[in-house]
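In the part that follows, the structures are each spelled out as structure tokens.
Consider the two complexes below, in which chain A is the common component and chain B and chain C are the respective partners.
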Partner chain A sequence: MANEKSFMKALKCRECGHEYPLTATHVCEFDFGPLEVVYDYEAIRGSLTRASIESRPQTMWRYRELLPVAGEPTVGTQVGFTPLVKADRLAKRLGIRELWIKNDAVNYPTLSFKDRVVSVALSRAVELGFTTVACASTGNLANSVAANAASAGLKAYVFIPADLEQGKVVNSLVYGANVIGIKGHYDEVNRLCAEIAGKYGWAFVNVNMRPYYAEGSKSLGFEVQEQLGWRIPQHTVIPMASGSLLTKIHKSYQEFSKLGLVPNTKWKVHGAQATGCNPISAAQKAGLDFFKPVKPNTIAKSLAIGTPADGFYSLRVMKDTGGHCDDVTDDEIREGIRLLADCEGIFAETAGGVTVGVAKKLIASGKIPAEDSAVLCITGNGLKTLDAVANHVGQTREIRPSLREFEGLLEAEGAACKA
Partner chain B sequence: MPAKAKKKAAKAAKSAAPKEERTRLWLMYPPKQITQPIIWQIAQKFKVVTNVRQASVTGEIGIVCLELSGLRPEVKAAIKWLVSLGISVEPVEINVVES
Partner chain C sequence: MPVNIRIPTPLRKLTNNEEVVEVTATTIGGAINELQTRYPGIQERLLDESGTVRRFVNVYVNEEDIRFLQNKETPLKDGDEVSIIPAIAGG
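And now, the complex of A and B:
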């Protein structure tokens, strides 16, 4: 790898194409459109090959040329390269020829895909000279910023709604982050956090560091292609909150294809949402290219964004690739979690239940043909959302320390067996 | 009042005075507000400067990207009024609070 070489060219407005220097900035001064990192693909072509990638450590940083850091990463160097599991039992249950699970439920260090975006944002923040980092979050992002900042010796501020469950707060407090609870409605908290981000000279990972932060999601797509044996999956089902993950996985397929690392085959990306917060899904199903904001009411809290920042762009990607979108109820989410756990031994958070539930619908309706192959993206660990399924997974059966009682229990269930 | 105290009081008054601020917002209008001249009304009702950067209007939703400048209490009041009309007022980053 060309160690201290940057392959980034500029930040570019996704709306008007205006270019900006590679600083901590995120919106275009002309039309307030979001900025995105652009790369020097010709230079990357000379540095990044299948052989060079395979020679590197198994982390997300093996694709460093396509990630927005100027030098070697300094934060989250062990993140990524999570398992891609061939899910034969689940494939049979869902009625599809071939199914794979990209399991970011075991991502390091905080068990969600957010470690990817945060390690990129913080590595870039260090390069730009920041010593304090911040985020506004209701869960996974807060945990990841707190943990990764601690490991890098950065000061962290984490803003959360004041009524957030104690369990989620502990997962950030334990790393020594400054956790600030803000009282008020989501909209008010949202506006205040944007204001704080604008006022203080911190690296706010999902505000002024957003162009870099969002690029981290591409690593999930790079890994999928390599782990599949250097090919793009026919279908990818992706949970959507802001919609950013979907657009970045699509971008990862475009980039590998453009660089000749994978054959240029057709792919479809499909979006998954909860029915209780489905602005993108509702728009896609209605054939609209814009979404209408909704008030979230779902157990899938990690997807509960009623006004998704990348909603418009994710709708466009699904349209361009011929992908579809659907949504599932809270009961279907729980069923999806259980199905994945029961068939593959993977315990996903509620967003994973959404992905499995929507995949089931898309396969049943033929939108993902039964003879095709699909990848489902599981983005977080079920241990983080125990409350959502606690009363829906059966109960323990208690007995006294007596073999007779145990055998009586088995007999009562019609499952008696002799050793 | 001694000159030194006067200077200190003037400084304190100055720091307590409302500050000029500039905020960047996405407004999303519900159908019943789409045809209303909301931007004109804001400038009539509040001492703020409005500067539209992008807009998209359909029969189902109106989306305006707006820069609002003025003294902080005026900007805050204008946002409160927009919200009272059922208009979604998001910072330009939209969902700053993520999961």
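And now, the complex of A and C:
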């Protein structure tokens, strides 16, 4: 591994190109455009090969030259390299030749893709000398910041909407993080955090650390390409909240292609949203390149961002790659969760139900052709959003510990089936 | 009682590090003009060439996004709180 060698050159505004030093800062002073890390791809080309990657431990850090840290990572060194599951039964149900599930529901340590971005943001925060870390979160990010901060001995403040699923709240509190519930929806939490971040000298992973944080999502795309046998998938269906994950998976395909790690084949990225919070989907379907903010109302709380920061770039990526976008209702989300569980034995959170539900629509309408191959990104674990499906998955049948009662139960149900 | 505008960190170089600036304008558009008079250069940071609020700038009046109100025409009255905030990633 390339020890202590930085492959980062600068931060650069995505809008006007103005460059900034590699500090904890996230917006351009001139037009508020988001800043992005610029890499020295020539140097990376000399260090990152298929052979060098394959020789390293199976974590997201095997692609470390393309992740924004100056030295070796210090936080979340075990994160990533989640299974890519060939989903034959689900493929058959949805009517597509080949289907893969990238299963970040079992990411380490907090069961969502957010461990990727947090491991990068906190490793970089430590490099920059921070001792307190923070985030605005719909839940998964809070869990990950709380856990990874605890393991690194950092102090953590996490800000969440007060009405979050209980599972996600407990999952932050248990690590000893300061959990602040805001009486409002995520966009209001976000706004408050932007103001807090300007006032306190903390590393806010998705505010002043955002240029580093967001790059962590690329590792999901790097893994997919390697796990497919060093190729870019024809179609990738990705859930969208801010839209950042979608743009970064696209970037991961561009980077591997540019570095010659995969053949330069065509790919399409498709976005998935909940109908109760669909600013990007609504814009894409209307053929617009800008979106109108919405007030979220959906069971997919991890996707409930009404003012998506990467909405513009997501729309551009879908347009450039020929991808599509759709959204699904709460009932369709639950159906998607059930489909994935029934067919593949994978229990996804509500965002996963969104991804499966939208994939189903895109395949049914031919926007993803039946003869093609697709990857669905499952980004979080169903155990965190039990409330959303608890009353929709049937009930236990109770009997006394008696063989006769069990046989009676089977008989009654058998009769019911025949009837 | 005038209207208070909270200035985000990236713009404080222009406001001599003032975090809160008072204005007397009656609309958001008027408030931006007033800021420009006092702190030349601030307008082009907030508005694009066509005079609309830049896409990565969020403006709130009493915690409500002006895109849910009347954008630049959103009226201001004494005691209102205006926040200018860059878009940030999720969640």
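The rule is short, and it goes like this: the second predicted complex is superposed on the first by the 401 of 419 C-alpha atoms of A that agree within 3 Å, B and C clash if a C-alpha of one lies under 4 Å from a C-alpha of the other, contacts with A are read in each partner's own complex, and residues count from 1 in each chain.
Methods note: contacts are C-beta pairs under 8 Å (C-beta built on N, C-alpha and C of every residue); 3 or more make two chains touch, one makes a residue touch a chain.
All figures in this text were calculated on a predicted structure; none of them were measured in a lab.
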Side-by-side fit of chain B and chain C on chain A, or clash: clash
First, second, both or neither for A:214, with chain B first and chain C second: second
First (chain B), second (chain C), both or neither touched by A:53: neither
Partner chain in contact with A:302 - chain B first, chain C second, else both or neither: both
Partner chain in contact with A:187 - chain B first, chain C second, else both or neither: both
Chain B and chain C contact sites that coincide on chain A, given as residue numbers: 15, 26-27, 30-33, 136-141, 186-187, 190-191, 193-195, 197, 206-207, 210, 241-242, 290, 292-293, 302, 305, 307-309
Contacting residues of chain A [partner chain B, same complex]: 15, 26-27, 30-33, 135-141, 159, 161, 186-187, 189-191, 193-195, 197, 206-207, 210, 241-242, 288, 290, 292-293, 301-305, 307-309, 351
Parts of chain A lying in touch with chain C, wherever the complex brings them together: 15, 26-34, 136-141, 184, 186-188, 190-191, 193-195, 197-198, 206-207, 210, 213-214, 241-242, 244, 290, 292-293, 295, 302, 305, 307-310, 312
In the complex with chain A, residue positions of chain C that touch it: 6, 8-11, 13, 19, 45, 48, 54-58, 60, 63, 65, 67-68, 83, 85-91
Chain A contact footprint on chain B (complex, rising order): 23-24, 28, 53-54, 56, 58, 60-61, 63, 65, 67, 79, 83, 88-99
